[in-house]
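Read the structure below first, then the notes.
The first chain written gets the first letter, and so on, giving A, B, C, D, E, F, G, H, I and J; residue counts start at 1 in each chain.
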Amino acid sequence: MTIEVPQLLTKDDVAQIILAAKKETGMSWEDIADKISMSPVWTHSACVGMNAMTEEKAKALAQVLGLPSEVIDVLVDSPTKVWEQTVPTDPCIYRLYEIVGVYGPTIKALIHEEFGDGIMSAIDFDMSITRVANPKGDRVKVEMSGKFLGYNSW
Amino acid sequence: MTIEVPQLLTKDDVAQIILAAKKETGMSWEDIADKISMSPVWTHSACVGMNAMTEEKAKALAQVLGLPSEVIDVLVDSPTKVWEQTVPTDPCIYRLYEIVGVYGPTIKALIHEEFGDGIMSAIDFDMSITRVANPKGDRVKVEMSGKFLGYNSW
Amino acid sequence: MTIEVPQLLTKDDVAQIILAAKKETGMSWEDIADKISMSPVWTHSACVGMNAMTEEKAKALAQVLGLPSEVIDVLVDSPTKVWEQTVPTDPCIYRLYEIVGVYGPTIKALIHEEFGDGIMSAIDFDMSITRVANPKGDRVKVEMSGKFLGYNSW
Amino acid sequence: MTIEVPQLLTKDDVAQIILAAKKETGMSWEDIADKISMSPVWTHSACVGMNAMTEEKAKALAQVLGLPSEVIDVLVDSPTKVWEQTVPTDPCIYRLYEIVGVYGPTIKALIHEEFGDGIMSAIDFDMSITRVANPKGDRVKVEMSGKFLGYNSW
Amino acid sequence: MTIEVPQLLTKDDVAQIILAAKKETGMSWEDIADKISMSPVWTHSACVGMNAMTEEKAKALAQVLGLPSEVIDVLVDSPTKVWEQTVPTDPCIYRLYEIVGVYGPTIKALIHEEFGDGIMSAIDFDMSITRVANPKGDRVKVEMSGKFLGYNSW
Amino acid sequence: MTIEVPQLLTKDDVAQIILAAKKETGMSWEDIADKISMSPVWTHSACVGMNAMTEEKAKALAQVLGLPSEVIDVLVDSPTKVWEQTVPTDPCIYRLYEIVGVYGPTIKALIHEEFGDGIMSAIDFDMSITRVANPKGDRVKVEMSGKFLGYNSW
Amino acid sequence: MTIEVPQLLTKDDVAQIILAAKKETGMSWEDIADKISMSPVWTHSACVGMNAMTEEKAKALAQVLGLPSEVIDVLVDSPTKVWEQTVPTDPCIYRLYEIVGVYGPTIKALIHEEFGDGIMSAIDFDMSITRVANPKGDRVKVEMSGKFLGYNSW
Amino acid sequence: MTIEVPQLLTKDDVAQIILAAKKETGMSWEDIADKISMSPVWTHSACVGMNAMTEEKAKALAQVLGLPSEVIDVLVDSPTKVWEQTVPTDPCIYRLYEIVGVYGPTIKALIHEEFGDGIMSAIDFDMSITRVANPKGDRVKVEMSGKFLGYNSW
Amino acid sequence: MTIEVPQLLTKDDVAQIILAAKKETGMSWEDIADKISMSPVWTHSACVGMNAMTEEKAKALAQVLGLPSEVIDVLVDSPTKVWEQTVPTDPCIYRLYEIVGVYGPTIKALIHEEFGDGIMSAIDFDMSITRVANPKGDRVKVEMSGKFLGYNSW
Amino acid sequence: MTIEVPQLLTKDDVAQIILAAKKETGMSWEDIADKISMSPVWTHSACVGMNAMTEEKAKALAQVLGLPSEVIDVLVDSPTKVWEQTVPTDPCIYRLYEIVGVYGPTIKALIHEEFGDGIMSAIDFDMSITRVANPKGDRVKVEMSGKFLGYNSW
């Protein structure tokens, strides 16, 4: 073909660039998040292309990790979120899916009893992950907070 | 057929009995959970058949809701946990599935960075759901805590 | 089994009751919606169990159609929304699915260009369906309006 | 293999070329649509390969964005419309799928009551997306209009 | 449950009633179609619930087969068309599915070359099935005719 | 790897070569079919790799389109017929799938009534597509003819 | 509902009746097949509803097993062949599926080399199953014979 | 990446090499099988990577077709057998799948009646495909023989 | 329908009868297995219908649990083994599925290295489950033993 | 694109490097496992990327097989475990899946009877595979041991 199709820099390309830079600098996700004044959950999610950065945060990240300036626009773009397996196979992610299967109806029932018909937003949403020391073995703590959105009628 | 096949009381039957009794008494899940000194999440989950009760808790529940004594054995039985849709359709439960899809790799990365290779147990696990007042609209808070289980090598 | 499991009145039962009453009264969905001062889309959706009514609207509906009082509580309950086919087969509903497949990325791109990264809420949402006269054949007009929800970072 | 298989320019290639040109010119979809006197929805859809352009519109687009002349034939070709996930995962597109699941039977019922048995065409069809200012948060308005097609009997 | 849920007569019920009456009268689909002045394809399709009858045709059918008058309304209702297997297993129906798989892209290419971008309508559509005598073995002839619908741009 | 794996010319490669040659010559499928004295349906189907040509027809095609002689053997090979989506998404092909879903049981019933238990062969089979002028809009006519194959018992 | 929907005797009902009669008489499938002068494979297949009997064979079967005369019409009807699992789970049937997966391309290649492009018919088809004594353990022998059907071109 | 990842010769690579050599020599599968004193079914299956050769047979094949010596080890390796479509689409292979669906329960019933509970092995297994002349059209004969394996109890 | 279809006693019916009898007697699976001189794994599997009993064992079981004599024939019948979910959802069973996913290729590689190409039979197979005391928490031990079956060539 | 996206060395790349080195050295998995003082099951699993090595073991492996030092970090990384087919097709791995289907409910029942409600961990888990000589044909023995994890209530 005589026309050269331009290869646009994708969110996947940028994730590769960031992971390589992270490996080189030896920083943890918590270090990186601290440097750009954001949480580690959001920072990782935006770096692997599942969320969009503001231009300011994208510039800060580029400076912290020494990224080329071309990545900034891509970090700012709204992502298209794709996951490829209906049921995740990785055991660590599967456990979360199992929790949704087992406790989903319970979470739904308790939200309805407390708030009425509606949902916890997955958009106006934040999350943190912390380690809780425990003599029987340390625990992972996951905290999610999402705005309640009530159904409207019209 | 000349043999009468006995119809064993199932977890689904018991869930129906409990929901009818709850409706009649007008208690909320929080009320019921308080009366048997357990959390609302676990109480609902065990009542709808996704977790097993100890005999003591099953008896307490039967007393609180005026259930027939035959339900106690069923509440104590180990459940077989089945969910029928690979991708849940109810919008309230789907949002949780979406969170697993979007943030699953992030949760995995942060667990690995903090603890090494392993998972957050969905068995040695607890959860709570609370309302957080917020002037821009109240929020749902979901807190999960699960034991970290590291892979062993041999 | 010696215990009689109570059969709770379900949203499906109520839908059957309403459809039978509607047939008997000869009213259209628009007539019914007018009588309870709501839109036909929402009214039908709540009657077939995909949305919850306020107690006031449920009582109004019961009066309009001469429904037994037991249906009111069920109409007020938060529904669990289930659809059984991943890809709908009914040609009328399939055309809507096809529109999502063909125009989904376009809607997404235009929302992002106008509002930034986020979604049109399907919860804080309303819809109307009207007939538009046209000499080449009348047209169906579907209008949807949903609140824009922007992703937050934290 | 001694025979060189010619690589035909595809709709995907052309979409890449257009997106790169759009980035370079800094125009929005609305700007581009205005320049070729079409709607933004249709313009985006045709640019990403989900609809065919007339030769006149393809030429206009090539001029506006400075595209090589080889893209014109490809823009004019009838597309083969493929979407890869039965259930879309991107949250913005999923919300539309959810609307079809929840409100599909309602839309069907109301069309039938108004027009008789038939469908809203997804072919003889147009759509617009606009922003509606609202003090509680701006809203996305989606308007669809499709010709009613009644089933014939024979 | 104290409320008796009315069992509405369904299209499936009516199909059963018609098949029983047909068996009793010994008429073929062609006989029945002749009596109501319609084609056998459409007649069978409407009798098994995949298409709607006009009131006139429903009354004619009821008279021909001696059906109770309650079936008439159901025959007139707009059907919800459901097929349960994504890939049909019955060998006779599978062969048709195979034809769509093997020749679908060919039909598409030839329609586009003749008419431009668009589709053959499956709504404004009719079909006949006839036997063609052939010394090497008789053949089944299927003829379909559907209105061409061109995509519009806007 | 030190061994060079030979890349065999595939049916897909040949389809690309033919489409490029067709574009260059400006011939329609009907023109090409005429030149090799075959029908347009079969010609297109064999060119895109869904059917096998005789050597004579492959040679004729190569001459008509100026194809390299290596393509002849590949056109003659028996194809392996693969279609990738269980439910086709392209609207033009989907309409055919819908027809199989809606009218499949009807076609089956009428074949059985006319011929007894058996199928219409999709192998000993031919098809044509023609345009039928119509004042309300031209129509696409699809005619299929397949040998009836009766089940044998033994 | 005031109309009583007639319950037509189905192929499944008849299979139940035959299996009960077979149990009572103590005959094997081979015994039954001998009595009606057919093969055991075909006899079993028709009895469980996957093939149609001629009226003569259906009458013979009814006499051999003492079946009520109503079953004859049902045995003669053309069956609709449904299997419910895409991948069979029963280990005995799965082994056959595995053979199709592993050896399918080989069977295809050898048929093509011997006969040219075409298929082995599964309609004009017969099969037998026999035991072959073997000192290392007896073997199951499955023999299939189907008419070769060559693709035609037109 | 500075490390060069070695590309191991795969079974797919070897299949390509063999098919190219076969084309060049003009031998049929039967010719090749004869030369290495094996059956055509097994020979084809091992050549396309679905079975393993002994070193002796691999060497013989390499000599017959003039293959490079590196392919021998790969032919001897135990294959990982993958088939990509749950339901095969190629009409020739689909017919075999259909036979499993239609006659699977029959084969199972007859094996059980003859041998007791167990299966026909698909591992200790052989198969042949032959042409049977027939005035009404030649037939394909497939003969399979597999060891009976009875379930053990313990 | 005037013919009464006999309801044959199924393996599912018998499982219900056994579970009810087991509950009444208060015996564990190990107790029952001991009484009939078999292992608990096989005993449970046969009682829930996934394996067949010899007549002797079925009679012993009937005596131990006081079952009606009609169940004996059913316990002896060869089962049709069906599992309904491709991916099991119950967490206890899912962990086994995960082991197959994670370690399957490893088990395959080690079997091939030790035995050559072939499989571990799941038919000529036995299994035991035992508790192993461990100060860090007791462990479940699963031991499986299956005959190696080598592929044959012919 | 002007930015060069760094290609990070993946677990798949490392598996290829190890398999090539293993082939060259001629060592078996048991030899390699012995050299690094680990079990063959775990060693293979970690080498093909389904488990993580400690740095010490990764260094030992690199020395034993003469691997470049860059692979060490990758061997130490926590893997993302993906398996691509819901139902495995390779006969050797399928037999394990079949065992989970047939005996899963039995394993679950016996664990519950011995330990109460809970699971066998697939994380705190080890496995061995050994050959057991047997005059009727050698057997494969698979032994699994996993920590019992009881559900907690809260």
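The rule is simple: a residue touches a chain if its C-beta (ideal position, glycine included) is under 8 Å from a C-beta of that chain, and two chains touch if they have at least 3 such contacts.
The structure displayed is predicted, hence computed values, not measured ones.
Within the contact network of the assembly, the step distance from chain A to chain H comes to 2. If you match contact pairs by residue number, over half of those in A-D turn up again in just one of D-F, A-C or E-H, and that pair is D-F. The interface holding more C-beta pairs in contact, when B-D is weighed against D-F, is D-F. Distance between chain A and chain J, defined via averaged C-alpha coordinates, is recorded as 29 Å. The centroid of the Cα atoms in chain C and the matching centroid in chain G are 47 Å apart.
As a whole-number value, the distance joining the C-alpha centres of chain F and chain G reads 32 Å. In chain E, the residues that touch at least two other chains are 6-8, 41, 51, 80-81, 83, 86-87, 89-91, 98, 101-102, 105, 108, 112, 118-119, 121-123, 125, 149. Contact annotation for chain pairs lists A-B, A-C, A-D, A-I, A-J, B-C, B-D, B-I, B-J, C-D, C-E, C-F, D-E, D-F, E-F, E-G, E-H, F-G, F-H, G-H, G-I, G-J, H-I, H-J, I-J, with touch applied as defined. Contact residues of chain B toward chain J in the complex are 38-39, 41-42, 46, 51-54, 57, 78-80, 105, 108, 112, 116-119, 121, 123-126, 149-154. Those residues of chain A whose C-beta lies close enough to touch chain B in the complex are 28-30, 40-41, 44-45, 48, 50-51, 81, 83, 86-88, 90-93, 95-115, 118-122, 125, 127, 129, 131-132, 134, 136-149. Within the complex, the chain C residues that touch chain B are 1-3, 5-8, 73, 80-83, 86, 122-123.
Remark: chain G residues 6-9, 13, 16-17, 19-20, 23, 68, 70-71, 85, 87, 89-91 touch chain I in the complex. Within the complex formed with chain G, the residues of chain J that make contact are 87, 89, 91, 94, 98, 101-102.
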